[in-house]
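First the structure, in the form of C-alpha cells, and then the observations on it.
Lettered A, B, C, D and E in written order, each chain numbered from 1.
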Amino acid sequence: MFFSTLVIGLVLGGTYALIALGLTIQYGIARIMNLAYGEITIAGAFFVFLLVSSMGLSPLLGLVLVVPLGFALSWLLYGIVFHPLVKRASHAGQLEIDSILVTFGLMFLAQGLFTMFFGSEFAGYSWLQTPVNLLGAKIAAGRVLGLLIAVLIGGGLWLAMQRTRWGVNLRAVANHPEFAPLVGINRNSAARVAFGLGGAIAAAGGAVMSMYQPFTAVDGGFLTMKALVIVIMGGVGNLGGALMAGLMIGVVEAYVSYAIDPGLTLAATYTIFLGVLLWRPKGLFA
Amino acid sequence: MLKVVNLTKRFGGLVAVNGVDFDVEQGEVVGLLGPNGSGKSTVMNLISGALPRTLGEIDFDGQRIDGKPPHRIAKLGLSRTFQLVRLTPSLKIRDNVILPLAFGAFPVFGSEAVKRADAALEQVGLAGRGDGPVQDLNYIDQKRLELARAIVTNPKMLLLDEWMAGLNPTELRTAMDLIAGLRDSGMTILLVEHIMEAVRALCPRCIVMSAGTKIADGPTETVLADADVIEAYLGKAHV
Amino acid sequence: MDFKRRGLLAVTAACALALTSVAGMAMAQDRTSVRIGYAVSKTGVNAAGANTTTIPNYELWAKDVEAADGLTLPDGSKLPLEIIAYDDRSATEDLVRSVERLARQDEVDFILAPWGTGFNLAVAPLFARFGYPQLAGTSVVPNIDGLSDRWPNSFWLLGSSEAYAHALVDVLQPAVNSGELNGKVAMISIADGFGIELSAGARDAFEEAGFDLVMDKTYPLGTQDFATLLQEAEASGADIFVAYSYPGDTFAITAQSKLSSYNPKVFHPGVGTNFPIYAPMNDGNVEGVMSLGGIDANSQAIQDYRARHVALLEKEPDSWASPVIYASLQMLQQAIGRKGLDREAVSEELASGTFDTILGSISLEENQLKDMWYIGQWQDGLFVGISPTDKPGAADATIPKPDWN
Amino acid sequence: MFEAKNISVRYGKHLALDNVSLSVGEGECVVILGANGAGKSSLLRGITALSPRAPGGSVHYCGQDISDVPAFGIVELGIAHVPEGRGVFTKMSVEDNLRLGGNPVRARGSLNERRDEVLEMFPKLAERRRQIVGTMSGGEQQMVAIARALMSQPDLLLLDEPSLGLAPIVVGEMFETLKRVRDTGMSILIVEQNVHASLNLAARGYVIEAGRIVGEGDANTLMNDPVISEAFLGH
Amino acid sequence: MKTFGILTFLVLAVGMAVLPLGIGDYGHGVLVGMMSYIVLASAWALFSGPTRYVSLATVAFFGIGAYTVAVLADHLPFGAILVVAGSIGLCVALLVGLATLRLAGIYFVIFSFGLAELVRQLITWFETSVNHTLGRYIFIEVSTAQIYWMLLGLGIITLGLRWWIGNSRLGLAVNAIGDDETVARHAGVNVTGVKLALFAVSSVLITLAGAIQAPRWTYVEPSIVFNPTISFMTLVMALLGGPGRLWGPVAGAVPLYFLFEWIATRFPDQNAIILGLVFVAIVFLVPGGLLSLIDKWRARARAAGEQAHA
C-alpha cells in the first residue's frame, strides 16, 4: 500500500506539475497573473477531443498540434491584451490588479465560448485504458504516458532553460527584469515569448489530461487554482520548484486520502499552501 | 541621550555593521561619516528600528530600544528622515506633517494639530502650502516636508540621513541654517552627510565608519585630518 | 468636499435610473400564448448537470408542444407556448431573483423547476408564496418534516433517499441470503447534499437488512483520483461496492476500477452511470454495472421518446432524470388541459390526478412520485430498471456482475 | 567617438540631470566625480536609455545618432553598462552571467575565446564558474559585473561606482584590473567617489554637482584642484 | 459643505428606505442584490482601498455569515444569530489577519483566494464526517423587504464608518500605510494594529451581509455560499468606482449590478461571454475608477477656464 500510494500520488502529481510549469513561466517571466490559465488548458483538451472524436485522429497527434497553437494563441493574447497594460502600469501593483481583473474576465469569456461551442456536458474519449502495474498500483497506460510526457516536457524545458541562449535569457528576465536590457534582452519580446510558452505548456497539459479524464467547459478555474498553489509552493518562476511541488501535492493528496480521510485531501493541499505562504513566501525551493 | 554598544548587523553572510560603539549626549550634533557602503545608513536604520539588529544594544533616553518596533521608538521621541525622500502622496502636504502628531506620545488631532503642522511647515519654508498635494513639491521642497514631519513632534533626537544631498549651494545655505536653528533649540541630532561643508559647519564632533566598523570618533577637524579617514575617502595617495 | 457631493449626485441618479428601468415593464396582455418561464444553470458549476438532464427536455417538450399546435386548454382551444429562460449562473441568489422576476415581472403562467436538489429547495418557498406548482425532477425528496404542508404546490419526482436504499437492498437481499454475496458493503459518497442524503439513507437500510458496512467514506468535490479509495475498497473484502458520486467522479471511478481489475460482485457508482456517454466512455464494457434510475427498455413510449430526443438534440437522454423530467412536463400539460391556466387548480390536479406519460400511467402520492425506477443496471447496452423488483417491466438483476474484460 | 549633448533626466518633478554634455575619445578613460545625489548615475542611465531622457538633447556614438536606440539595443552597438548596484543576475551562475554578456551578435562568433580571455583577467571567477552569483561577496559580484560587460566585446565601457561597498583592499585589486582593461585600448567612462584611484585610472574628468557639470579637466589638474577636495572633504 | 453632505446622505438614506414600498417582489429582490453589493464593495474598500491589499477573501466571510445562520436557524432568534455570526467573522478575521497581514502583494491576493477555499473544505469535511449532514435548511420568516432594510442599515453603517475613518486620525494612518509602511511606522503608527483593525471591521461587515441574506435561500450548502464569483464581483465593483473614495464603491456597485442583471435577463445564453468582455472593458476604459473621471472632467474644465481667461 505504501509504495502503490506513492506511485498513485506521483502519477497524479505529474499532471499537476505539467500544468503548473506553464503558469510559473507566465507569472515568473512575463509577470502576468493569469487567472484564465486553466481555460487554455481546457481549450487544449477540447481541441484534442475534437480531433479524436470527430476526425478519429490520434491524441498524440493532437498533442503535437496543440503546442504551437497554444503558443500562438497566448502570444497574440499578450500582444493584444497584456502589453498595453504593462505599458500603462505605473507600478507593479497596478499591473497585478489589472491582470487579475482582465484575466478573470477572459476566464468568463472563454467559459462562455466553450459552452457555446461544445455545450457544458462532459467531454471525453477512451484511449489507452489498459492497466500498467507499477509497484503494486495498477494505473492506466494513458495516465502513465501522461506522467512520462509531463516529465519529458518538464525535463526538456529545464534543459533548454539551462543550455540554450534563449533559455538563459528567459531565466535572466525572471531573475531581474530591470537588468535585462544591460545584456541586450528586449524585455517586452521576452515576456511575450514566455507568455506564449506558458500557454503552449498549458495547452499540452490539457491535451494530456484529455487522454485519461473527462472534462467540462468550466473545469478551468479549478485547474488554475491548483496550478497557482503549486507555483507559489515551488517559488514563482522556479521550474524545478514547480515540478517538485506538483509531484509533492500529488503524493500528499494520495497519502491523506489513504491514511487520514479523503474528505481532507483538498483541505490538506490548501493548508500546506497557506503554511508555505506564511513560512516561506518565496517558495519551498528558493 | 543615545548609547550604542557593540552594534552588529549581518545580512546573510555580509556584515554591514560590525561591533560599533558610540554615545551621543543631550544637545549634541554629531556627524556620522564614511564612504558609500560603509554602513552608516544601516546604523540609522538600526537605531530607528527599521531593521532588527543582529547583536548589540541601543539605549535611548534611558530605555533600551533595540528590539522595539519603530512606532514605539518614535513615540519615545526619536524622529528621522530617509536617505531617499519618503513621503505619503495620498495625503496632502499638511496631513503628512499631522500624521506623526496624531500618533505621537501625546496625540494631537484637529485644529490644534493643524496649527502645529502649519508652524512646522513655516519653519522649514513651506508656509501656506499645506493644502496642496505632495506631487506639486520639487525635490528640495520634498526634503523640507520630510524635515517638517520629523520635527513637528519636538523630538528629543533627530536622525538625518543625507538630508542635504542633492541641494544646490543656495539651498544648502538655507538647509544648514535650518539645522543650526534646531541645534540652537536644544535638539540632539545625529546626521549622516557627505557634504563636508555642512558637516564642518554643524557638527563639532564626528564619527567615521568604513566597511562596517568605526574608524574614528572625535572633534570634526581632528577626525577629518586623520590618515585613516582620508584614505577611506580619497584613496591612499592623499596620505 | 466637492467631489463627494458630485459622487453622491452621480450615485443617486444612477439608482433612480436603474430602478425605473426595472420597475415599469411588462403588463398582462391579451391571451395569445401561454407563458412558461424557467431559470436554470446554463453556466457555472451546475451547468453540466443542467445541460444533460433539464435543459434538453425543456427544449424537447417545447418542440413537441409546438408540433401539436400548442397547449390544449379545457375548452379545446390551443395556445402556443412562449418560453422565457434565464441563467442562474449556478448561484442561488441569482436563481431566487430570476424566479421572482418570472413570477412578478414577466408574470408567466407557469415556472419550470431549476436543476438540482439544493436549488429546488432554495426556490420552493417562492413557488409556494407565488402559488406556482413546482415539478422538481432533479431533486431527491428533501428530508423535511411536513413537506407537503409547508409547500403544498411542490412535487418531488426523483424519489427519496430511503426509497433508493431499500430498492437496492431488495435487489441484493436474495443474493446475500443465498450466500452469493458476502453481505459486506464498501460505500463512498461525495461530500455534498446529494451524497450525504443518499449515503445516510443507505446506511440505515444496510443496517436494517443486516449488511455489514465495512467501508464508509466521503470525498470532497473536485477529487481527481480515486485510486487510493478503490484500493481500500478492494482491500476491505466487500462484495458490494456503492458510490454516491457525480458524473466526473463516476467516470473516474469506473475507469480506475477497470484498470486495477477491481471486480466486486456488485458495482454501483453514482450519477453519470445513467448517462448515454457512460457506455462509449468505457468502450461499451459496462455490462452489469448498477446505479440509480433505469428505464423500461421494452416500453414503446420510452423508445419513441429517445428517438425524438436524438432527432432534436443529437444526443440520447440519460436513463434516470431525463424521462422523469419529460414526464413531469407531460403531467403539467395534461393538468392544464383539464383545468386551464388556473394555477391553484392545476396544482390540485397534479396532486390528485392520474397522467399518461412516457413512464406509463402515473399519479403522485403525498406530492411524490413513488412508482418509478430506483435502481437500474446496464444490460446489453441499455440501462434498464431492475428495482423495484415487482414493478412491471423489471429486468432480472445480473449478480454477480461479469468481470471487466 | 562618443558624445552626449544636452541630455536631461527627470524623475517625476525632480530634475536629476540638467542639460549635461560630455564626450569620450577613442581609447580614452574619462571619470565623472561628484557627491551622492549629484546625478552621476542618472547620467549613465540616461546615456544607455535605462532611464528615459527628457526631450531635447542627443547621443552620438561612432558618428551615428543613437538617441532613439532602446536600452536593449545599446549593448549591441558596443556600449556596455555596469550599473550602480552591479546589475548581475543573482540567482544565476557566474557562467550564465558571462554567457548573457555574450548576447550581442557582435560577440557571438568568438564566445569561447572571449570567455577564456575574460576569465584570465579575473582568475578568481575562473575557479568559481558554477557558483550562484548571489552567494558571492560584493567584490566578487562586481568582478562578475565587469567581466560580463567585457563579454559583449564593447568599445565603450560605462562603470557606475565600481568601488561602492567594497573593502579597501578589494577596491585596490579592482582598480588594478580596470587598468589592464584600459590598457587593452577600450574607452571607459567611469563614475566614482574614490577620487584618487579613479583619477589615477582616467586621463580626463568631469565634476558634477546637483545635476550639472561644474568642472572639467585632465586628471592631473583635477587631482590638485581644490574643487575636488571641496566636494568631498570640504577642505 | 459638511452639513450639505450629511443632509444629502440623510435624504438619500430615507429615499432608499421607502423604495420597497412602491415595487413588487422582483423589485425587492433586485434591491437586495444591489444593496448587498453596495455593502460588500464598500466594506471591501474599507480595508483594501487605502491599504492596497487586494483581498479575494470576501466570500470566505460572506459564506461564514450565511452558514452560521444555517446552523443556528432553529436555535436562536435572527437578531442573536447575527450577533454570533459577526463574532465568528471577527474571530476568523483576527486569526487570519495576524497570520497574513505581513504577506505583501500577490501573495496576499492568492492567500485570500485560498482562504475561502480552505474554509469551505473544512466546513464540508466537518459537516459530512462529524455531523453527517451537509445541506442545511433555513426556515426563518424574514421578507425580502426586511432583508433589504437590514442591508440598507448595514450599508449606512459601512459608509458611516468609512466616512468617520476618513475624517479621523485613523484615516491618515491607513492612507500613509498604503503609501509607505515604513514612513507610517516611523511616524508612530502601529501599522500591524491598524491593518488588523481595518481587516476585522471590514470582515465583520461582510460576514453580516452574508448572514442577513441567508434566509432568502432556504437551503444552504458550502458550495452554494462560498461561490468565488462573489469575491471577484465585489473587487471589480469597488475598483470600477474607485476604492479610495467614500462613494467610489457605491458608484461602481450600482451600475455594474444593474448591468449584470440586465445582461443576465436579456442574454441568458451569452451571459458569461458578455460579462467577461465587460470586465476587460472596465480595465481598459476606466483604469482609475469612475469617480476619477469626475476629477478629470473638472481638471479639463479648469484648464479650459484658465485658457479662456488667458
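Please note the rule applied: contacts are C-beta pairs under 8 Å (C-beta built on N, C-alpha and C of every residue); 3 or more make two chains touch, one makes a residue touch a chain.
This is a predicted model, so every value here is computed, not measured.
Colleague: Which chains does chain A share as contact partners with chain D?
Modeller: Of all the chains present, none is in contact with both chain A and chain D.
Colleague: Among all the other chains, which ones are in touch with both chain B and chain E?
Modeller: none
Colleague: Which pairing of chains accounts for the highest number of C-beta contacts?
Modeller: Chains joined by the most C-beta contact pairs: C-E.
Colleague: Using mean CA coordinates as chain centres, what's the gap between chain A and chain B in Å?
Modeller: Here chain A and chain B have centroids separated by 50 Å.
Colleague: Averaging over Cα atoms per chain, report the distance between chain D and chain E in Å.
Modeller: So the centre of chain D lies 52 Å away from the centre of chain E.
Colleague: How many angstrom lie between the CA centroids of chain C and chain D, rounded to a whole number?
Modeller: Taking the mean C-alpha position of each chain, the two centres sit 74 Å apart.
Colleague: How many angstrom between the C-alpha centroids of chain C and chain A?
Modeller: Measuring from centre to centre gives 35 Å for this pair.
Colleague: Identify all positions of chain B at which a residue touches two or more other chains, and write them in rising order.
Modeller: Within chain B, no residue touches at least two other chains.
Colleague: Specify, in ascending order, the residues of chain A that touch 2 or more different other chains.
Modeller: Counting only residues that touch two or more other chains, chain A contributes 111-112, 115, 261, 263, 266-267.
Colleague: Following the definition at the start, I'd like every touching pair of chains, please.
Modeller: A-C, A-D, A-E, B-D, B-E, C-E
Colleague: Over in the complex, which chain A residues touch chain E? Could you list them?
Modeller: The touching residues are 33, 81, 84-85, 88, 92-93, 96-98, 100-102, 104-113, 115-116, 221, 225, 228-229, 232, 261, 263-264, 266-267, 270-271, 273-274, 277-278, 281.
Colleague: Quick one: which bits of chain B touch chain D in the complex? Just the residue numbers, please.
Modeller: The contact residues of chain B facing chain D are 13-14, 35-37, 135-139, 142, 162, 165-168, 194-200, 210-211, 224, 230-238.
Colleague: Which residues of chain D touch chain B in the complex?
Modeller: The touching residues are 12-15, 35-38, 135, 137-138, 161, 164-168, 171-172, 193-197, 200, 209-210, 230, 232-235.
Colleague: Please output the residues of chain A touching chain C within their complex, sorted ascending.
Modeller: 1, 4-5, 8, 12, 111-112, 115, 119-122, 124-126, 129-131, 137-140, 212-218, 222, 253-254, 257-258, 261-263, 265-267
Colleague: If you look only at chain B, which of its residues touch chain E in the complex?
Modeller: 48-50, 69-71, 74-75, 79-80, 82, 86-91, 95, 98-100, 102-105, 107, 109, 149, 153
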